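First chain written, first letter: the chains are A, B, C and D, and each begins at residue 1.
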Amino acid sequence: MNTSPPPARGGTAIIRGYCPDARGINSALTRFISERNGNIVDYDQHVDEEPGIFFVRIEWALDGFALPPAELAAAFRPLADTFGMNWTLTFSAVRPRLALFVSKQPHCLYDLLARWRGGEWSADIPLIVSNHPDLEPVARQFGVEFRVFPITAENKASQERAEIALLREQGIDLVVLARYMQVLSEDFVAAFPNRILNIHHSFLPAFVGARPYHAAHARGVKLIGATSHYVTGELDRGPIIVQEVSRVSHKDSVADLIRKGKDLEKIALARALWHHLNHKILVYSNKTVIFE
Amino acid sequence: MNTSPPPARGGTAIIRGYCPDARGINSALTRFISERNGNIVDYDQHVDEEPGIFFVRIEWALDGFALPPAELAAAFRPLADTFGMNWTLTFSAVRPRLALFVSKQPHCLYDLLARWRGGEWSADIPLIVSNHPDLEPVARQFGVEFRVFPITAENKASQERAEIALLREQGIDLVVLARYMQVLSEDFVAAFPNRILNIHHSFLPAFVGARPYHAAHARGVKLIGATSHYVTGELDRGPIIVQEVSRVSHKDSVADLIRKGKDLEKIALARALWHHLNHKILVYSNKTVIFE
Amino acid sequence: MNTSPPPARGGTAIIRGYCPDARGINSALTRFISERNGNIVDYDQHVDEEPGIFFVRIEWALDGFALPPAELAAAFRPLADTFGMNWTLTFSAVRPRLALFVSKQPHCLYDLLARWRGGEWSADIPLIVSNHPDLEPVARQFGVEFRVFPITAENKASQERAEIALLREQGIDLVVLARYMQVLSEDFVAAFPNRILNIHHSFLPAFVGARPYHAAHARGVKLIGATSHYVTGELDRGPIIVQEVSRVSHKDSVADLIRKGKDLEKIALARALWHHLNHKILVYSNKTVIFE
Amino acid sequence: MNTSPPPARGGTAIIRGYCPDARGINSALTRFISERNGNIVDYDQHVDEEPGIFFVRIEWALDGFALPPAELAAAFRPLADTFGMNWTLTFSAVRPRLALFVSKQPHCLYDLLARWRGGEWSADIPLIVSNHPDLEPVARQFGVEFRVFPITAENKASQERAEIALLREQGIDLVVLARYMQVLSEDFVAAFPNRILNIHHSFLPAFVGARPYHAAHARGVKLIGATSHYVTGELDRGPIIVQEVSRVSHKDSVADLIRKGKDLEKIALARALWHHLNHKILVYSNKTVIFE
């Protein structure tokens, strides 16, 4: 269970959870809310038949709800335990803090900063981290702190520790790898479980690893893609969130694939971030349940 | 309310309904099922915020359920009335009977018959109706009765009355217009409310009416489409169920659009039929809610 | 015929043209280039059978070509006249100057400025024009001049004259309406024939005019779209360049459609601009031939 | 070089070829046609810059052409040799003969037979081959000979020899594997180079081999696909012709993926066949150039 700090008041509460399927779960969950005078804004459940797992997302208005946010988790726990539910409680009024990690390519960075300034999400972006100084002017344009951590084989471990310390100091909730061209160590990943978003420039599981557009061109595919996913210890094998594809033809050079792919990367990363920030994603068994 | 005849036993029961949004609906509905020992297989609800309408689809297993199917509607009615709910009760074990209406083009007809024979749905197709004799060999290939009703301005009303009589005699639940090139009268439509599926060969509302591919070519669009919808009294203005599109270019002649469009028509019609036969569609305010 | 000022040297020359179809055109055109020692980089032709029109785009390297750019048009004219060809000669080395027109929504503006700074095209953007002051900070972020021309029913004609004067003074080759929410007068449009790009937030010809997302929501469509086109005197009826679509469902409110549509608008506008800047588009009979 | 037997008269001739890029190829090729009074219906060329390879497809009307079809290849050869061109000459009036290979799943078979009967292509389908007897009724419905060759580890080589003999006896030009669930030996493949079309039920190169929908479900992808390709000696690694994809979600079981995938398989296979039958495909370096 993972509980974000409850807000003073207002907005909605969101519970996402999963447990072995059983009779009466829907009824028990909805009654828990309605008995406390909660108004369910969105209720979405799904049963994965083969393993017999029940998944649920409940979102209800805190206005008029009988319990203050700070007491909610404790009140819900006994019911969850009855069903052996693994769950998360979050609040729409809590504004998450994001750190963007970049290298040299600006397209995803620009796109995220523009969406942020355009008001697409309720979140703060106090920090941009890079292994190269190239994109500092973009950070400056948008008034965001830019920190460079050059990475070599020798200093990688210490630099990552410094990055983690910085992220903690800044109270970062989510790391977004916006075409960051370094593989994070398992230690780094473990420090932010299911809280590191990445964009990979292929339709996974095809073309794992480096230079996927070159590999796609060599194979002669008729579609290219981009995949956003949570980062796990295994490269490009984390839970997939969004995949986008675009038709290509024999006329497209590698440079054309790279150019066309940029749009897919921007869209796939932004949509994943939108789902994450709206508390729509549940990770189970290295897959995502996305409550749309 | 519209209740299909309940089956002897087995399968699932499905309630689809809508009503003004209010606190406690989810809780009341799920309790209704769980108190009678029903196992909810699928529960999907949605609130359309602006008009404040609550939509729901509940599907639960009849195995072990406390009520026999024949008593279900009567037991549910008081609860539905509490919320002012407009609802439908159907059963997965009831095998619907379809009539396919065609003219001269075989592609949708072949596609539907092949899916039927391939076991994609649980339904019967006892009848094909046409205003032309051309496709009788296809009907014969698949062993389905083929009836011709030539339509002229003079005989249209009487021919439609004969068709309706035939459909009733055969116990037809759903009429599928598989590129039937006649506009049905309001009387015909009224006889099968939300039970006539049509495929229109454009992405509606663009290119309503005749020769949409010619119109699309003349306008120079870069996408063509197909739209499946329920038929209402207004031509091509009924509730949309599925829309499919495909890219086209200046190289495509009208004949190319027609050829490419056939695949869209087949897919859009078959998907709509799949949703219909799986009790996934609810019609409200000339729109469809599709519980996927 | 329309000839952009020829460059000193280097790059490629591009001829786009159309004429009544006839035997020997391909042969005559390719010989014209090869006899002058030109290396054809790209040759694309298309015959629209019904009206019998031949369309062609030839791009060849100027390096080693026997004629200097400044003499090319005069040398080609007699051959073109033989076939009654309507043609355009342009040069890849000429860097076009763009003016972006905006109102209050920043997403297309940000996207175009980020692509420009990211080096996606070879073009200059010296000017942003708006009828509102809201987006001046974005212009300042990117160091582009921002000029406000408030429009009222009374001052529209005079403001447009002032805008045209400014555009001419700045040597603007192409006007890009990046969600500019004013209808340009016929006089303005006539001053920049096929040189005003617009993005309309629907899949045209559906939902012409104002508030297309509201109209799409009311109609209950299952796809929304965006269309980039050249502006003509008739609102939203100019030659279509690119159309993009995205699936939506009953769960999407008008606000969701607007949010999802922004990505389509960005992509459709940027792709159209890319085609334009790469001399890929030929306009004929209110349609576009796009040589991809 | 591969020349299909020339027709008596009428229709078009099609040359597809590739060679090292050089100045003057376009001019020489188009002059070859126009000097013999040929009317070019379609001329499409492409240069792959990196390896410097020139690709071309020329289609011209035989009506009024100075050479009879039977003398064309000999007349063209010297010109092709000048450029070191690898080329193919085919004729639209030659009606190819197809054999469909199937196992137990009928959807692709039905789709191909329906398109054939609906007149989508000019081709004959005299033969259906299967390793199981299950689909014989479908063959009978459409009046096509059905031959069963059960395959075991022991008899595979001899059964394949018998199949090849049958295909030769029947004058088969193209083998279409319409969900044929046997891997063909290298000997079989070598007997029909670039003349065996397959449909694989994933977006290659993801999920090569058996049970791709199960693998896709296990990986939690958000898109499934289907890929049509020419068969080579390496399983699922032949030149890709068409790829189709469809969105899926966590709600889709393996059975849903299989159901949704069937539509993709039908479309991807039929489109590849259409390109093949219209002489649009050129294979080079294990990739396809598709002249659309």
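Just so it is clear, contacts are C-beta pairs under 8 Å (C-beta built on N, C-alpha and C of every residue); 3 or more make two chains touch, one makes a residue touch a chain.
Not measured: the values here are computed from a predicted model.
Asker: Would the interface of chain A with chain B count as same or different, where same needs over half of all numbers used to appear in both copies?
Answerer: Homomeric contact, same residues on both sides for the most part.
Asker: If we define chain centres by averaging CA atoms, which chain lands farthest from chain D? Would you check?
Answerer: A
Asker: Please state whether C-D or A-D has more C-beta contact pairs across its interface.
Answerer: A-D is joined by more C-beta pairs in contact.
Asker: Between chain C and chain D, tell me the centre distance in angstrom, where each centre is the average of that chain's C-alpha atoms.
Answerer: 37
Asker: So, what's the distance in Å between the C-alpha centres of chain D and chain A?
Answerer: 42
Asker: What residues in chain C touch two or more of the other chains?
Answerer: 46, 249, 251, 292
Asker: Residue numbers of chain A touching chain B in their complex, please.
Answerer: 23-24, 26-27, 30-31, 33-35, 37-47, 247
Asker: List the residues on chain A that touch chain D in their complex, please.
Answerer: Touching chain D from chain A are residues 46, 48-50, 55, 203-207, 219-223, 225, 239-243, 245, 249-251, 253-254, 286-290, 292.
Asker: Can you list the chain C residues touching chain A in their complex?
Answerer: 105-107, 110-111, 114-115, 117-118, 120, 141-142, 249, 251, 259, 263, 267, 270, 292
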